[in-house]
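Labels A, B, C, D, E, F and G are assigned to the chains in the order they are written; within every chain, residues are numbered from 1.
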């Protein structure tokens, strides 16, 4: 079953966590990076976004393929195609990594 | 008494939980899937949706027949026609499964 | 004193709880139905509904005569004409039973 | 000093509690009515109502002279002209009794 | 320094507490009036009122010189010209006494 | 470094606390004034004010040079040019002293 | 990897903390400055700002290069290019230092 199967709802963002490249090249390191879950990730899919009072959707601030910096806590673990992925709210993602 | 008998109110969604197909084909697995309640389900019926300040209903993001991924917690159990079904709020459903 | 005497205010709904018909015909059963209070009821009267910022009333989603499914908890008991009736908020009623 | 002296502010409602007429004629009885404070009352005076963002007052849902059913708890006791009266918020009053 | 010196901000109301006139003439009595602080007062000054989202001020419901009934609790004590006065929020004052 | 260096953000107000003039002339005294921090102050600088949903700033109710009465609690201490100053929210300041 | 790599989301502000210049020239000192983290900083990058109900972004009150005074608590530590930087919400920054 390809990953396209799962479409998050509303302002949820599906993220695959990645280990930052080689340490020496100065990847983005969160304190005590190695032991803990990597805080970098790539956006796999996003929902339509938050819905306003008038019923319109405000698109998520991140989009598929974006590299993102994740908060230390939070995120719902979802295993899709035997891969561990994580659902975050759009507003909980710290920033994007160009 | 056919299932049509029960119409959820507002943004409630009536869901029948389903066990994901064969494990090997890579169904959607939530951690330790087997022991716990299946987190996949099918939408049986939805309410008109949330009501805005102006009195209009914002339709639910999911519709009857959608395959959905459910949060690990929450949901109100309702037994209809001797079947255990579950009521979720539209905004608590994680995503849809195409 | 006829039941017409009591008119709920705002989004309150006055409900008479009913025991679902014969079990075999598949009435709506909430878990361990028999011992606990029946969760099915009939709407006896409704208030004008919630009031918006502009002062208009948004009518209740249920109306007099509707069969409804009630949440397991909540509801204020009111004894009218020696009958035990219950006041629920419109938004707390789970759904209607056609 | 006549009762007119006291005018509640905003959505406050001044109520005199009354003991429901003779029991046999089926007054409105709240569980274990006799021992506790009567939950029936008559509206003595109301404030202008809640104020909206635009500064207008939304009149109270009840008016002077209405018979009302009061919640079991809440209400601020005020003694006026040696009479014990009670201040309720308009939205806390359960309903009116015609 | 005359009392004009102090102008409350926003929806604050400056009140001087007064002991209700002679008991027999039926002043407004709160339960166990004598021992506790008098709950009657006179408005000394008011702020411009609450500010709405559009930046306008909604004038206080009470004005200088009004006789008011105060809640049993709350109020910030301020000593001005060696007099103990009290600051209340406009919305916490129970009502006016004509 | 002159005091102009520090500009508070949003609805923050920078205040220098002052000891009220001679006691006999009836300065504004808060209970047990001497031992505690003086509750009178002078506004040194204000932010642009709170921002509304439409992005405009609602100017602070106090302005530079105003004499103000401060709440007993709250306020963030900031030492500028070796002087202890305090940051208050505009809405926490009790009133102005003409 | 240059610092431009990281773009904060929404109203987040990326700040590098700085030790205020020489003490004698009267840098901005927060109480017991030396032992604790410096409360002065320079803005490295800002997000687009808070999003309103209509979906527009309200730009941050601070911009890249601004010298800012930080609250004693709060801020998320992020290590970029082996430098410790901190993420604050725009509304938590106390003020700017010209």
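We take it that a contact is a pair of C-beta atoms (placed from the backbone, for glycine too) under 8 Å apart; a residue touches a chain by one contact, two chains touch by 3 or more.
Just so we're clear, the structure is a prediction, and the values are computed from it rather than from any experiment.
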| item | value |
| --- | --- |
| Shared interface partners, meaning chains that touch chain B and chain F | none |
| Whole-Å separation of chain centres (CA-atom averages), chain A against chain E | 54 |
| Where chain A and chain C are represented by their mean Cα positions, the distance between them in whole Å | 43 |
| Inter-chain centre distance, chain C versus chain D - centres from mean C-alpha coordinates, in Å | 24 |
| Touching two or more other chains - residues of chain D | 53 |
| Ring order of chains, beginning at chain A and proceeding to chain G | A, G, F, E, D, C, B |
| Residue ranges of chain B in contact with chain C within the complex | 1, 4-10, 12, 14, 47-48, 51, 53-55, 76-82, 87 |
| Chain F residues within the chain E interface of the complex | 25-31, 52-53, 56, 58, 61-62, 69, 71-72, 91, 93-98 |
